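Shared chain: chain A. Partners: chain B in the first complex, chain C in the second.
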Partner chain A sequence: MVRRFLVFAAGLLLTAPLAAAVLTVRVVDAAGRPVRDAVVTFYPSAGARTPRPGGHYVISQQNLQFHPFLTIVPVGADISFPNFDNTKHHVYSFSPAKRFELKLFAKDQSRTVHFEKAGVVALGCNIHDQMSAFIVVADSAWTARTNAQGTVEFGDAPNAPGRITVWHPYLRAPNGTMQQGLALNQHSASFSVRLRPPPPSMPMDY
Partner chain B sequence: MRSFRSLSTRLTVQFALLFAAAMLAVSAALSTFIAGAASREVEGQLQSSGAVYDRLWEERANELQNAAQLLARDFGFRAAVATGDQATMQSALGNAAARLKVRSAFIVTADGKITAVDPSIPAAETRQLWDPLDEGRLIGVSVLSGRPRQLVAAPIMAPTLIGWVVFAADLDPREMRGLERLSAIPLHAAVLAQAKGRWLEAAGSMSALSGETASLAESHVRTGAAFEMRVAGEKSIVLAKPLPTFADGQRAILLLAYPKSQALADARKLQLALAAMTFLGLLLMGFATWRAAGRITQPLARLDEAAGRLATGEHVQVRVRGSDELARLATSFNEMVGKIVEREQRITQLAFNDVLTGLPNRTMFHQQLEQLFRASEGNGSLFALHCLDLDQFKAINDTLGHPAGDALLVEAAQRLRHAARGSFVGRLGGDEFVVLQSVGPDRGAIDRLARDILSAIAQPLTIDGNELVPSTSIGIAIAPDDGNDGGTLLRNADLALYRAKEAGRGTYAFFEESLNQRAQERRQLESDLRLALERGEFELHYQPLFDLEQNRICSFEALLRWNHPKRGLISPADFVPVAEDTGLIVPIGAWVIREACAEAADWPGQIRVAVNVSPVQFHRGALHETILRALATTGLAPNRLEIEITESIFLEGGETTLRLLHALRAIGVRVALDDFGTGYSSLSYLQSFPFDKLKIDRSFIHNLLTRDGASAIVHAITELANALGIETTAEGVEETAQLMELRAHGCSSVQGFLFAEPMTAADVSQLFRDDRIALSDVA
Partner chain C sequence: MGLVARCMAIKNALPLGCTLAALWPSSAAASDLRLFTPDTLEINGDVRLVAVDGEKGWLDGGFGKLRSGSGDGLKVQPELGNVDLVWQPQFSWSLSATIVGSLEGGERTQAGLSQAYLTFRPMRSRSGASFTARAGLMWPPISLEHEGADWHVADSITPSAINSWIAEEVRPVAVEGTVATTLGSSKLRATAAVFTANDTAGALLTFRGWTLQDRTTLAFNRWPLPPLGDDIASLQAPFTHPLLDVHDGFAHRPGYYAKLSWQAPFPLRVELFRYDNRANPQDMNAELEWGWNTQFNNLGIVAKLDGGTELKAQALEGRTRMGFLEDGRRWIDNRFRSAFVMLERPFGPYGISLRADAFGTHNRGSLWTDEYDEHGWSAMLAAKRQFGPITGLLELLHVGSDSPARQLSEEDPRQRQTQLQAEIRMHW
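Here is the complex of A and B:
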């Protein structure tokens, strides 16, 4: 999945029209510890670009869990939901970005959903409350998750002012999102976030 | 304490104070403990009531939360909330609130939108709940529209958190009353909540909330301990428990109040009872201590008093009760008193009684005597003093031993006491006894008593197997005729006693004035006798003894003469007894021996000298030494000295006398038995000692020619003496016929006026010078 995303990012790099610069964003928690797997998006005011649509993504249901927990897809991606469990699942989303229900599909059945609208989609299973997964439908080419050091580097970010958003499933803010502006020639940004504890069934490092 | 004079008071006060202090301390401790225990119990009851409230609270919260969670999980409801379907949200919420009987319910969405079923709560207040909800607060008290309420929330997950369902239950008086009813004690319950710095009373029956009480309650919330506070005008024990609040900065307190008067009513009763019992106990203890002290000190006081009386000479006894130490002390005291009495009697007895016979002694006799004199002076009555002296007591004592003598004295005392019943009988010492007899008009009673005494004493008795026939002599003086004082009376009775003795013993004699005269003469004689030796008033005369076989003088008997300067020549018969009584015979006898030996040393060698020796010299004088010294100084051959003794020396100290005689004979001194044939003449003496000579008493010679049998006796004596190889001398030969007769009987020698009267030493010397030794003419 990550690898796939890197390939996708490399694609973005090749098509950069503007003078590119490296933008580094760092996310730490209240105690100053790096926060990994936070989704950072840069929206430049000039030279904005959507990621290339298409590609096929899979979010499986196995052992009463979604796999993977977090998926970043470009707008217009299709995601298939194969069920490897013996039980039926009722996958749903009430997220404004994509509302859907995949009602009671059994083992080895797979459904595919098309995501045409940018935003965060929270997935749940109406049968199994502990099942949770997130899909970030990206509408900006500069969308990536933080690494273990809590940083994201956009090597080809246009040297333009804009805004940066940080989303994390447990971030304590409306819609789990924080944002800040980026000035011209500003090549780094830092977010200090407050996280609420994950639900009991969820490991912190998903 | 020291000021208490009585031991009883001191004991009472000390012990009472001690016990009272202990009792008060115990009571105080108990009272404090009761109060503490009651307080703890009340607090415990309050705590448990608080715990009950906690449970109620929890159950209610659980019920509400379960309902909220149920609603929050409903897919349709979640879909409605997620999609903002207001109508569906309102209806679902209203339905649940009605089912739970909750007046207010609302939904707070994650982005802060509110959907409420109770329009009375301002949205602004509701919106403030977002922060605590977002922080995960799901249960707690919060003030909404001016009223504290219990809030319970459940998150709506779709699947991420999209909002919360919140139920707000009223904390109304009904609920508080329910809590009050559940409690085991009659308490008042109230919930206080603080909103915007203002305390509100949620509910409850206290209805007397003031800022003061609220802050007081707040300050005690943290300690968790009960405290006292006025609730509704009543002092109460109050427990303040913190209640969880929904939002930070809010505070809620559960107040549980227990009116103190009710809470501690039982303890008060208990304390009152304790106080009453303590007081009663103090009274009882004081009384008991007083009684106990009395029991201890009463016997002591009695002993004290008895000891005081004992000191004054009274013979007291204390009553003994029980068997404790005090009783033993009392017993010992009584025994001590008994012993003191006994000792006093013994001392009196010793002071006034003779130990051996038990008769009153001389001291008591004198007292009695004086008493009788006084009585006599008063009423002119007469009384007689009998002085007794056992005859021959000294001889019995010496021959049979002192224990026998003592036995005789005891027996005599008993007989005397019996014979003289009703009269005072005493022992003055030795064998001297006295009887004081009161005499009425009949003077014959005196004679009768004397005779009774004589016959009583004269009964035979056996001592150590020896049969004795004791006898006594009695001298009687009658007061006041024979003496106006004890001394005179006793002396006169003694004189009478001498007379009785002289009269032959075993008889009694009355005092007469002549006796007094004689006694004075005798005393004069005594004092003259003492001086006679110093003044050289004694002189020896010598009477020759004529040997009938050799027809010559063979010996001279030395005879003592006293030339008294006033009375002239005094007969030895008059002064020798006095000299013997006074012991003067010892120096006089020694002088005689020395003088006779010195004289005889000048005589021709064949002439012996004979000296009379008194028994007193034998027993008291150092006769042996005297003779040895006389022989040594004069150079007289021992066989020229002949001592003449009488049988009476054998009456006292037989063994000693015999040893002495043998000793004298061993050195060659000759021993002659004088006055043979009179007195107790016993032939056994002749067997026990080898006498050199028997001197036949002059009474036989005197009667030789006139009385029948005298000749036969003289013949028998000479025959016996010849048979034993003993010489014989006839004394008092005055006639030639007597001489012829004696010659015929074979008598060895003669002595008497027929040959020569006693002559002076000078005449003897002259005789030898004239060489007229042979007086054969006469024969």
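Here is the complex of A and C:
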């Protein structure tokens, strides 16, 4: 009887939603200045949730640049790549999360790519070396970029232990990623990161 | 068996034929074939209102430094500028062509073929290294002021003295390869080319001197030379064809150019360019056009400064020789040099450009001596605003020069010219 009760109680604990809490993550550089546009992801050990899959996003090419430079999408998203430049582009990625090529499409033409695997996708143009952008394909519902103050707030993060990762395109760390553990009842974390200077955006093509 | 493999299996197959076959689209790439789709065609053109004073223009038989000249006080007139029809057919995703036909208005309105070349650009390697090849009639990658398939001046109407001369006399038939790679946080780009049909480069620069104008050479067309004086006029045609192989047999004496470009980890790019047409200065054709043995080096710098200001600078120094040796000196031995610095900065919807130019020649020839040395300078202020497919440009240009060759047409060697141009540039 007691054993059946304990099993029932354990079942309740496992199935009951964990209490939500605000989780604040701050990212600063070595000098203590806030780092914006770092992508913070929280992976709780219990209560993990994937973002709502799918959706349609746009990364345009204009003035020989990708816009926006950084895009966060859920697994299963479709991204269109409209070209608004007077020249053709050849968009590609060699990233393991998504390898693709969009060969030579002209002004006002667009191509769409489906992103089915989580990870970071680095974009380039085979014709214009200076074009660069990044897509973070997220597999956790608690994924966001830091604001100008270098902070991210997850208002509905489960109060559970877990793991927090921070990625930035110029972060000096393997794969541009740092991580740290989060304890139960810990509602804030902070990262001190070292960044490379962004590569200058200067055309070298002729 | 693939096309390349079949070629390799056939004994005595021509290597060039196999290469071309490999570049040509296979059936799998047939969907990439785009010959006359709207994206393969574009038309760019401009009309301008020109107010200019000073001497007669060089296209009008004078020594004028600008595209237009006056010769009689201030002259104000509307002009057709340059109209370019650009056709860029795509044979496969990696192989395309660029064909540009141009109509250039004003003095001596002319039309013709401006560029015609193939571009082969395969997918870069996973390490990021890329390769590009071009072959045909094209400008070498020297100018920091020109851009686009039609090679138009980007931020002003009139290019610097250096790039005005490149547009006039340095446009060979070339085969060019470029490799680009990333080294840490830097980028390197190396270009090498062999070329032909540019044997007369230097003739216009020597006899007329430097100019600042946006006329470009068209295939098979010729430029007039200014009055040459009795000694030279009996030896040299009164015109020059920039696209000409004077040496016996086509491409039997090819020239070369090479370029190294380094993009620093910070916003600075440095370019070094070397050109040598290897022309025989004693070669001459039936029309009395000569081989001009011409070499030059060009240094280019692009830097982004604070506040969105961009700095562009070029410095070019070279030498051109023509004719036979007399007392150890060629008939013509002209050392030429020029440099400019340009600052560009956005002010609201406007782009403002400011440029200072200096140029000169030093002659040590037996027929064209140091009494023909030229020195000059110019200053330019330009404003640009984009309205969709239309671009408006306003440019004020002043040039002053001392060129004793003007005495051959009984003009004062020292001349100053000021030109104000308002241009509407359209793109379809």
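Operating definition for what follows: the second predicted complex is superposed on the first by the 184 of 206 C-alpha atoms of A that agree within 3 Å, B and C clash if a C-alpha of one lies under 4 Å from a C-alpha of the other, contacts with A are read in each partner's own complex, and residues count from 1 in each chain.
Following the convention adopted for this analysis, a residue touches a chain if its C-beta (ideal position, glycine included) is under 8 Å from a C-beta of that chain, and two chains touch if they have at least 3 such contacts.
Keep in mind that this is a model prediction, so the values were computed, not measured.
Superposition of the two structures on chain A shows chain C clashing with chain B. Shared-chain residue A:Arg196: touches chain B and chain C both. Applying the stated contact rule after C-alpha superposition, one finds that A:Asn86 touches chain C and leaves chain B untouched. When the shared chain is aligned, chain B comes close enough to touch A:Asn175, but chain C does not.
In the superposition on chain A, contact of A:Asn126 is made with both chain B and chain C.
Contact with neither chain B nor chain C is seen for A:His56 once the two complexes are overlaid on the shared chain.
Using the contact criterion defined above for the overlaid structures, shared-chain residue A:Phe94 touches chain B and also reaches chain C. In the superposition on chain A, A:Leu104 makes contact with chain C only, not with chain B.
In the superposition on chain A, the residues of chain A contacted by chain B and by chain C overlap at 92, 94, 126, 129, 196, 199.
Against chain A, in their complex, chain C makes its touches with residues 32, 39, 42, 90, 93, 121, 123-124, 126, 130, 141, 148-149, 180, 185, 187, 189, 261, 263-269, 302, 304, 427. Chain B contributes residues 73, 75, 78-79, 82-83, 110-112, 134, 136, 157-160, 162 to its touches with chain A in the complex. The residues of chain A lying in touch with chain C in their complex are 86-88, 90, 92, 94, 101, 103-104, 106-107, 109, 126-127, 129, 196-197, 199-202, 204, 206.
Chain A makes touch with chain B in their complex at residues 92, 94, 99, 122-126, 129, 131-132, 134, 169, 172, 174-176, 196, 199.
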